[in-house]
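Next come two complexes built around subunit A: one with subunit B, the other with subunit C.
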Partner chain A sequence: MGYAAARGGLAAIEFAENLVQELRDGHPSSPLETDQVTGRLRLLVDRVMGEAGLWAPELAAQALRQAEGDVIEAVHLLRAFKSTLPRIGISEVVDADDMIPERRIVPAFREPGGPQILGRSTDYTARMLSTTRRETKPKVQPASGTPADEPLDVIPPMQRMSDVLRDMQLLVDRRRTDDSEPFDITRMPAKPPAPRSARLSTMARAETGALVGQWYRNILGPDGYLHEVTLGEVRHGAMPITVTHPVTRNPVKIGEYRVTEVEAIEDLDGIDEDRALFDIGYGLCFGQNERKAIAMANLDIACHRDDQRSELEQSILMTTDGLDSSGFLEHLKLPHYVTFRSMIERKIAVRQARLQSAPTESKP
Partner chain B sequence: MKFTREAICEILSHCATQDLTSFVDTLLEVGVVKNVRAVRSPEVGTVQLQVREPICQERFILGDALVTVAEVAVGSSLGWAMRTGNDPHGAVAAAILDGWVAQSTPETDALHLTMLEDLLQATVLHESTERSLKTTQVLSTAIQFEELD
Partner chain C sequence: MSSTVDEIAGPPQSVPFALLDEESKREIRRALLQAVCIPGFQVPFGSREMPVARGWGSGGLQISLAIVGVNDTIKVIDQGDDEGVNAVNLRRLITSSTGIEETSETDEATIVQSRHRIPEDAMTSDHILVLQVPVPEPLRGIERNMKELERMHAEGDYSKMWVSLYEDKVRNGVITQTTGYPCLVAQRYVMATTPIPRWDIPRLHQAEFLTLFGAGREKRVYAIPPFTDVEPLTFEDVPFEVEASNGAKCRLCGSEETFLVETPGSESRWSCSDTAWCRRKRTK
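Coming up: the complex of A and B.
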């Protein structure tokens, strides 16, 4: 596919951009500070960071403000900024169990190892639009039914569902003993067949809606991969950023980032599968974005079970990136005069050729 | 000093930038910290975040985090700091403290080491209080669903 560039109209382009800037920044309401965005629109900021693949709450808030709340545009700004930065280092590998949980739900088991904690969630309440602004200070009240003798300042250990199933000898053991280098999708595009680390990175950075759509198609759509879906774990919490001190060569924790983690249990029922066992898909993404992590975990195991039989992996790797898909879509708004003129000329040429080759009617 | 060098680095990474720079300014003014030169100007960049997932025990790259890194020489000691976000002032101040602590002894710098220890302890206390409040809030939402007959 080739495109011919267009030029001209620079003044109009600058005026158009200024119009965006002036009407946004010149709005008579109070200026929008970044701490308002990070503090009050936390989930939006989380989503932008996740889809940009960069944990930087302040920058994500600035990007959202500049993009007038357009998530994809904010992701574009953040990724473009990220591309100008050097990669200073690589963190120490963090184990998923290093998370300090702030929420943990186990839909599969009523009494999992450790508590179920709703955390910051409106999952279980009715959606009522509040038309008045409430100024509230945080207040902490133990939920009814919480055991009174439980200490309230230490989160008890939580056994993850995959370990529970392993202990019951009900889980396929896919643990690897090698420690292969993970695929870096920011340095090289992932194409099928790709290592699982490429699929996980791709989904962690995917556009949330695209991933949910892909999952829904996989579950209920024309692909026909209807399978039992049970969530083992949904967790949200803080993970450490640990790097190596260059002088002492010892690890140093320099901060934290929040993630959502999901384990999706799969009931194995295929001809070539052990029907006495379960398998588990894994999802992990930046921030609190449970829809994305659930879709990711389900697609992780769906892709593993599919084993290249369908185009699922290709679809995940090549169509779920929001910047890719929106970028391609939005470029259609740019001038395509030359392309379209050539298409018209081809149509005219075809018509003329058809007229010339048509047999002349014999006159009586 | 009851904190290891790594613990100091970790706690300093949580310190407010203003607290860090004020403290370092004081040390520079009184001449406790001297012969400081930049080895690596503060640089804003990213750190790749790798996670080992629990199902296959495989590593994968979750994304990157925005960080600022700085390296200084304090006398003959190398000081280093990395902070999350875009924070060149905080990174330089923390790097100076890292280098200064590495070459200080209780015999020569007892007073200012104690001041640093106070700053570190105040930061630890603040962090711990915040964490405790959050944990209390979180645990107040602990739930046991009941199965209906």
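Coming up: the complex of A and C.
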């Protein structure tokens, strides 16, 4: 049979599934427990939850294990799982200042209001491949002195850099007075021109690599719709999730999730912009994923300034979702012999049309 | 605290009938109703992530799952073949999550989900044809900007499309559009006919059956209601051409009147793309 190699129906599919499952689960190493994944591969779990738009560390770990570590595949498992669940409620609005910070960096000022917290980061760690495994539990032992002047349990309030700039009358005021509902990208596809909430939620769920790629394409590629920003805030920490109690109608905190939040300060220099002011781009995503939140904040302000002049918004809305792009790319593996047969037929038709219209004299 | 969460969440459920939660299915059906009311118009909907990847029939699957009932019988084909791996995979997802019957016989089916083909057998008002759509926008080849595309459809401004067909004809001697040939639906919207071959296009015109198109990745559905005009875009003096096979016959059933696919290299290299039709013809 012509297509026998990839035909064979159910039996072939089941053999393929068994191969994956048996070679994965039957590996002679000790079984991979999900607490190892959540505990030791935290950033991977964070990334999967962010791209899935679902905070569920245990499920994300299970998905990663099932997907043999393929991030897109794990994200797919989580999102498809979410599709089977009804939406039972909507949480209360939270203030980002309610974050319990684990990390806070303010590149724009040497001494911002509140601390700079380096926190859990390899930013300034030499990237030397460690080939020996440390068996004993390491203790956090700073070289000398304490990591901060104040002990960490009395953190002074963190003054948000956008507020600082606003107090200095250096910031465009784009605060809205209406309290409009955010655009829900999981219930209605966003298309340009879209509200900012649609762009932000699209980027919050975007594939990290796609967003970084989109950012860098603008830095060094042919687009160039954005500037390099100055970061006002890079924060990572825990946020409360609060719902209305079904009986008492009081707000009840039912859990926490971690986010990365970024404010990107933009130096306005356009002809129609106020050169005396800054503007701010905003990024926020699940987990600790700073490169994603930074790319998001910078693309947010770039998109606002672009104001529909280019197709940046369409690029952000339509091309950054990991499941969309990977799914469509990989669909090329499906049989296409009906469409290809039609293509061959038209090639022959063009050739015949050429022969008919060609001069009739014979060639040597 | 956790008891409150449990109370709100309710008892844990197994996977619901037809995979999607009821609210989602209702939402898809609403979009489909709008699509039926405005033939050929692309209706946006909140496409869900399915157990199959986007680009692999997730739109068609969502439609089938949204409209399926316990008494339906499903046929799924890919390239005309019930046994193609993707057809098998989609069919088992539908049957395992609903418990409904499956068939390869078109006349036994109530829902026919397909990629790239319309079954050779005549379908009636007893059938709903669900087509998986990779690219729902017929004008994307000539215009990339989504705002402009929206305007062109809204105003019925298809002049760029006509110019493109004209240039194609002038440059190449024939219109080289292969599958997914653009059609005007109900004298109003130009529609992408998925990548079904041109062979299948005339079978959509004034068809007795309802056709639903699902593009999961692009989050659009559209429809051709029964007895609707579907006219391939062409010029008065340039007749629309289906795929020529120049007298080729199916090497298995001898058929000349079906859409044939090619097996390169072999002596008699043509066979029916619709495998169920071919098998039935041979056993008759």
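Odds and ends about this structure:
Here is the rule we go by: the second predicted complex is superposed on the first by the 334 of 364 C-alpha atoms of A that agree within 3 Å, B and C clash if a C-alpha of one lies under 4 Å from a C-alpha of the other, contacts with A are read in each partner's own complex, and residues count from 1 in each chain.
Heads up, the rule we're going with is that contacts are C-beta pairs under 8 Å (C-beta built on N, C-alpha and C of every residue); 3 or more make two chains touch, one makes a residue touch a chain.
Just so it is clear, the model here is predicted, and its values are computed rather than measured.
One of subunit B and subunit C touches more residues of subunit A, and that partner is B. By the touch criterion defined above, A:243 lies against subunit B and subunit C together after alignment on the C-alpha atoms of chain A.
In the superposition on chain A, A:59 contacts subunit B only, with no contact to subunit C. After overlaying the two complexes on the shared chain, residue contacts for A:126 are found with neither subunit B nor subunit C.
Of the two partner chains placed around the shared chain by superposition, subunit C is the only one that A:344 touches, whereas subunit B remains out of contact. Of the two partner chains, neither subunit B nor subunit C is touched by A:276.
Looking at the shared chain after the overlay, A:358 reaches neither subunit B nor subunit C. Looking at the shared chain after the overlay, A:87 reaches both subunit B and subunit C.
By the touch criterion defined above, A:311 reaches subunit C but does not reach subunit B.
In the superposed pair of complexes, A:174 makes contact with subunit B only, with no contact to subunit C.
Shared contact residues of subunit A, touching subunit B in one structure and subunit C in the other: 82, 85-89, 184, 186, 243, 245-246, 252-255. On subunit A, the positions that touch subunit C within their shared complex are 2-3, 6-10, 12-13, 76, 79-80, 82-89, 184, 186-189, 191-193, 243, 245-246, 252-255, 308, 311, 314, 318, 323-324, 326-331, 334-339, 341-346, 348-350, 353-354, 356-357.
For subunit C in complex with subunit A, the residues that touch the partner chain are 1, 4-5, 7-10, 15-16, 19-24, 27, 44-51, 53-56, 58, 78-81, 83-86, 88-89, 92, 115-117, 134, 144-147, 150, 172-174, 176-180, 195-198, 217-220, 241, 243-245, 259-263, 266, 271, 273.
Interface residues of subunit A, counted against subunit B in their complex, comprise 49-50, 52-56, 58-59, 82, 85-97, 101-103, 110-111, 115-119, 121, 138, 140-143, 145-146, 150, 152-155, 160, 162-163, 174-177, 179-186, 196-197, 200-201, 204-205, 239, 241, 243, 245-248, 250-255, 257, 259, 263, 280-282, 284-286.
Across the interface of their complex, subunit A is touched by residues 5-6, 9-10, 13-14, 43-67, 69, 71, 78, 80, 82-86, 102, 132-145, 147 of subunit B.
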